[in-house]
Amino acid sequence: MPNTFGHLFRINTWGESHGGGVGVVVDGCPPRIPLTESTIQTELDRRRPGQSSIVTPRKESDTCTILSGVFEGMTTGTPISIMVRNEDQRPSAYREMETMYRPSHADYTYQAKYGIRNWQGGGRASARETIGRVAGGAIAKEVLAKFVPKFEVVAFVQQIYNITSDISPSDVIFSEVESNIVRWPVAAEAPRLIELIENVRKQGDSVGGVVCCVIRNVPPGLGEPVFDKLEADLAAAMMSLPASKGFEIGSGFAGVCLKGSEHNDPFVMEDGRVRTTSNRSGGVQGGISNGEDIVFRVAFKPTATISQGQQTVTTEGEAVELKARGRHDPCVLPRAVPMVEAMARLVIVDHWMRQRALAWE
Amino acid sequence: MPNTFGHLFRINTWGESHGGGVGVVVDGCPPRIPLTESTIQTELDRRRPGQSSIVTPRKESDTCTILSGVFEGMTTGTPISIMVRNEDQRPSAYREMETMYRPSHADYTYQAKYGIRNWQGGGRASARETIGRVAGGAIAKEVLAKFVPKFEVVAFVQQIYNITSDISPSDVIFSEVESNIVRWPVAAEAPRLIELIENVRKQGDSVGGVVCCVIRNVPPGLGEPVFDKLEADLAAAMMSLPASKGFEIGSGFAGVCLKGSEHNDPFVMEDGRVRTTSNRSGGVQGGISNGEDIVFRVAFKPTATISQGQQTVTTEGEAVELKARGRHDPCVLPRAVPMVEAMARLVIVDHWMRQRALAWE
Amino acid sequence: MPNTFGHLFRINTWGESHGGGVGVVVDGCPPRIPLTESTIQTELDRRRPGQSSIVTPRKESDTCTILSGVFEGMTTGTPISIMVRNEDQRPSAYREMETMYRPSHADYTYQAKYGIRNWQGGGRASARETIGRVAGGAIAKEVLAKFVPKFEVVAFVQQIYNITSDISPSDVIFSEVESNIVRWPVAAEAPRLIELIENVRKQGDSVGGVVCCVIRNVPPGLGEPVFDKLEADLAAAMMSLPASKGFEIGSGFAGVCLKGSEHNDPFVMEDGRVRTTSNRSGGVQGGISNGEDIVFRVAFKPTATISQGQQTVTTEGEAVELKARGRHDPCVLPRAVPMVEAMARLVIVDHWMRQRALAWE
Amino acid sequence: MPNTFGHLFRINTWGESHGGGVGVVVDGCPPRIPLTESTIQTELDRRRPGQSSIVTPRKESDTCTILSGVFEGMTTGTPISIMVRNEDQRPSAYREMETMYRPSHADYTYQAKYGIRNWQGGGRASARETIGRVAGGAIAKEVLAKFVPKFEVVAFVQQIYNITSDISPSDVIFSEVESNIVRWPVAAEAPRLIELIENVRKQGDSVGGVVCCVIRNVPPGLGEPVFDKLEADLAAAMMSLPASKGFEIGSGFAGVCLKGSEHNDPFVMEDGRVRTTSNRSGGVQGGISNGEDIVFRVAFKPTATISQGQQTVTTEGEAVELKARGRHDPCVLPRAVPMVEAMARLVIVDHWMRQRALAWE
């Protein structure tokens, strides 16, 4: 339902960018998983504003507190409540939002839906909402680390504006992605992207891009055959992230230009396991993992908040020009990477638990 | 959960291509909606095999029976059970599936998940599973027709292999789409596509494509702000369809190459309503409908079943060459159109009911 | 939701007493469970009308058909659709229901809720609706038989009107319960109950009673600590049965007259297991099974349908006297026993699967 | 799921008696409902320890903070996160719980389920867990106050140990219940109950009792016909409260001793509305409200924590005698009253929203 994600491993996020804070309740986490605040903090720091020169300068330490569900360093199986206080709130910077609808933001749609909105900083539509997701994903990571050997999720920025990386997802290494502030898979190329983003910022403009994500060592058999196909749940997870506009798995939209004879992934035996010699399926067949890398891509639009003047209307229906003053990211991609990873882990851990419930032996 | 879709308006589909039949239980349909079998049959006929020369020749009338939930031509608010018998079953045509995994089908993944599979005709992974979806969508259509004036869903084939239609989705008319067997938006161009598909069939091969869908006259305010964003639920719905590999809404992947100043949709007043002068948002902002057309695209891969020989392995792990004998579609796109429409209606009717529950007045 | 029960092992029932039939879709059943129609039929026959002289004479064979989800005698993990056709429909016997509200039936409330109702035979409020539950419970029984050694559910009629059995639930044996048409735990006492019921029937009246249920060899650790406590789910399951008015577990309402020092169940070790020397907890502590017998009781009111004249109103608001003509049970208790067992098994199998998903080892 | 209650109006509670605190996330609350912390605090104060001489002396102010979802005194439709800090924690008082299982507590079952437990003060099995429920119920109260005229829930203590009040539930007035610390419906009789409880406390013992609850002015048509019957959801809600052992609605267990002709509620017209002249149905027929008072009763066992010595075993399996030192209620009934009311409101508000989604006009 509205603010809940997952069936067995379930997160319920809450909070706005302006108010007491943001947080998450994780319900259904298996017991006896080692967990500390610093494990969660590591992931939150990757999502944090102000982490580099190319993201929003909003000053938030995003320090998390575990309020429940952990005892003597281990999960107890009961709900894990995690809170992050808001620190750098500047409602005055958003004062004009009270009376104007920012183009391509959720101001108007929230008003249409609820007849009321917290106009300070975007409310639930703020990227701060994703703190709860990233915290939940950090816990999912620990569960998977305990039970699924070698399981790994690596997301990276594959495209910004018109610059695309051509490295194969199979070759991307987490440490190299994390070694540069763009989260570009080839660190040596990062300066070019940084320059692009900084130029855009100077113009008071913004750019979008594509995050690619590869999930390695997924056991075969995860997913469901009809509505909760693994790719359907991954698509929903990714399309629920702020600013995402597209999702594709395996061959995706490009696969349309192949014939079946070129597209099918032949099966072979390798080390006693059924494998495929190509991976246009993207690791999923009929909604269920086949043990190959799951590879998907997510398109993010350019940030809606720009400082150039824009045409819009007031809540009273008058035409006005808006110039945004709030702090914002000229490009959300570097910070989207840990969000994509978190959502991917939440999908996989949930399906892994579901499959465990179903196993016939 | 596995075979259930929707929260308030919910369908539970069942059945395999070989067995007693396929069907759906629709739970949560509002009462007092006029409904007959012929209303449902109209939509099923658009999905039916054998409907034209370019789809699978499997001979199924797909005649539906309403078993419950309708009294004197009106829904009663109780579960509507709909069944379609399987008629043209040829398990022998699938005999080799018992021992071989068809490339890019779900044979291997079902085996990995369940340790057993109904190898006759693909089981739940068969396109016959979508009969229940289309029947459910036909009921959703009647509900929306009663409560949401002028509401309309029009899907059409926008691309097959390397041929793309350049008509604007806003200009596409249902009757023209239905006037040709390809479900191409410009009927005069259909022969070129038919020729393409027939050539592919002769080669024992298959092609994929893109279905575009436009939803008109959606009330502003439908959707949820975080996980159940309208685009997230639409993405899950579409990615749960057999053979789909990608989803994008509004500007989608192409929007990545625009700057924020080019991408944002300016607001204006029009006839007392808040409107946008462009629609790169695709009718959804912050997960919630803004009243503009919802426009999305779904990529379908080339059909996995081809009659050319393919490399694969047996369930015993031996390498073999497979030549499929089952009847199949050289291109799923024409039949995917009513499936996309059905899923779109199921998403919208559910969110419409959710919004009704929430309304503050 | 409305017609669905269970989280992981889930049933969706459909159908009315008059119409195409009744049925159930079982979703989430583990694969590779041996299953045939005759296994299900055995349980349906225990619920069937016309099974003895003291139940309704409606003539229904209640023959079930498995339409999907089973292949070569084994479940496949996909939805199991089961249908039972209605055979003995006499809408004319209900003709006055079209315009009158039967006292203590659901005629008026359905009208208030839906603005329409299938007045032939009670619609969804008919006891025929429970066919789907009993079929689902029969499948749950097979799953539990495979995975939980010695697991057993025995329900029996403990009270009818003012006659109560004083046998301890621990001593009740399934075969003795089934050996008499009352399903009384001591067969030798059954004639007295049969006489009571037959006298009531002659008076055109009805009686209620209490079903007691004991669940043996439940593994410790099933249930959830807060909302989905095992007793909460059992209570909901039982209170969802037609005509039930009360539920109690362990000491129940009578436990109120004990002090804590008398009520607490002391722990001891027995054969290396933690056991209790008394069982006022009824096998559940803090919502979770402790390995002792789960013992609960369900009160069923006297059947609402009686042939004596009764005061009521028409749908137009006029006062009238009603004399029911439909066939009915003078006492629902004997047929309630398999319903209680089915619901108990559905609750346990679901929690067993949930616990399996959560297990920390 | 485990810590979540409700479908459309949903609460997710978290927290243990020892740790950072306890709280709730309320998801799905309609927007534009006036809400302040003091509204919630009023209900929490009725549940609070230390409120009178006959409840536990644990010193907790239970001061609540609203962290999100409210803007300028109105709900915004987004999740409402509420937190209460733990203040009076004395883990040392529970030190022996680390190694012993308290009889009729959840220590052993939590260990069996999770393989770990927060032994300080009972963890999630502590009555502190109900703070989240009462806070959620306080919000439900405001929603119902806005939309359902004259709606009222009044719960009261109807029995303690062997003393029972014979006042008709219809005659019970909220202000009189709240005027005495027992929450007895006739204040003049309260001293006798206070004396009983104080004597029991002096003996180091405890007593249980029955809470009766009456819900007035429920619109006809709330509830669902099969699994989510109103009485089923109320039963689950009440049986999920700590220490509850039984639930009955309307005539309940006593109704078993009536014949159908005595039990049925005749319909009459009154002021243009369909009414019943008696209310043995308890306001619900076929799972759906009929507009009469909903009347149900909940049995609570004597508090498990007593200071008399008790036989038990250690986690190592050794027999020991336990003397509890933690502070506790000699009788939970007075504090159970606001919990019962909260759960009743949560059930009704959820069904009210569900019905709103379904309405045919």
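Read from first to last, the chains carry the letters A, B, C and D; within each, the first residue is number 1.
Heads up, the rule we're going with is that contacts are C-beta pairs under 8 Å (C-beta built on N, C-alpha and C of every residue); 3 or more make two chains touch, one makes a residue touch a chain.
Note that the coordinates shown come from a computational prediction; the quantities given were computed from them, not determined experimentally.
A.B. asks: If every step must land on a chain the current one touches, say how few steps get you from chain B to chain D.
C.D. replies: 1
A.B. asks: More than half overlap in residue numbers between the two sides of the chain C-chain D interface, or less? Answer same or different.
C.D. replies: Both copies touch with mostly the same residues.
A.B. asks: If you average the CA atoms of chain A and of chain C, how far apart do the two points sit, in angstrom?
C.D. replies: 45
A.B. asks: Let me have the rounded angstrom distance from the C-alpha centre of chain A over to the C-alpha centre of chain B, please.
C.D. replies: About 26 Å separates the centre of chain A from that of chain B.
A.B. asks: Distance between chain A and chain D based on Cα centroids, please, to the nearest Å.
C.D. replies: Result: the chain centres lie 39 Å from each other.
A.B. asks: Touching at least two other chains at once: which residues of chain B meet that condition?
C.D. replies: In chain B, 1-4, 7-8, 13, 28, 31-32, 77-78, 113-116, 123-124, 225, 358, 360 touch at least two other chains.
A.B. asks: Under the stated contact criterion, what part of chain C meets chain B in this complex?
C.D. replies: Where chain C meets chain B, its residues are 1-4, 7-8, 10, 12-16, 19-23, 25, 27-28, 31-32, 65-69, 71, 74-81, 83, 113-118, 123-124.
A.B. asks: Mind pulling up the chain C residues that touch chain D in the complex?
C.D. replies: Residues 1-5, 7, 13, 101, 103-106, 108-110, 112-116, 123-125, 129, 159, 161-162, 200, 203, 205-210, 220-229, 231-240, 242, 244-253, 255-269, 272, 274, 276-277, 280-282, 284-291, 299-306, 308, 310-313, 317-319, 355, 358, 360-361 of chain C touch chain D in their complex.
A.B. asks: So in the complex, which bits of chain B are touching chain D?
C.D. replies: 7-8, 28, 30-33, 77-78, 225, 353-354, 356-360
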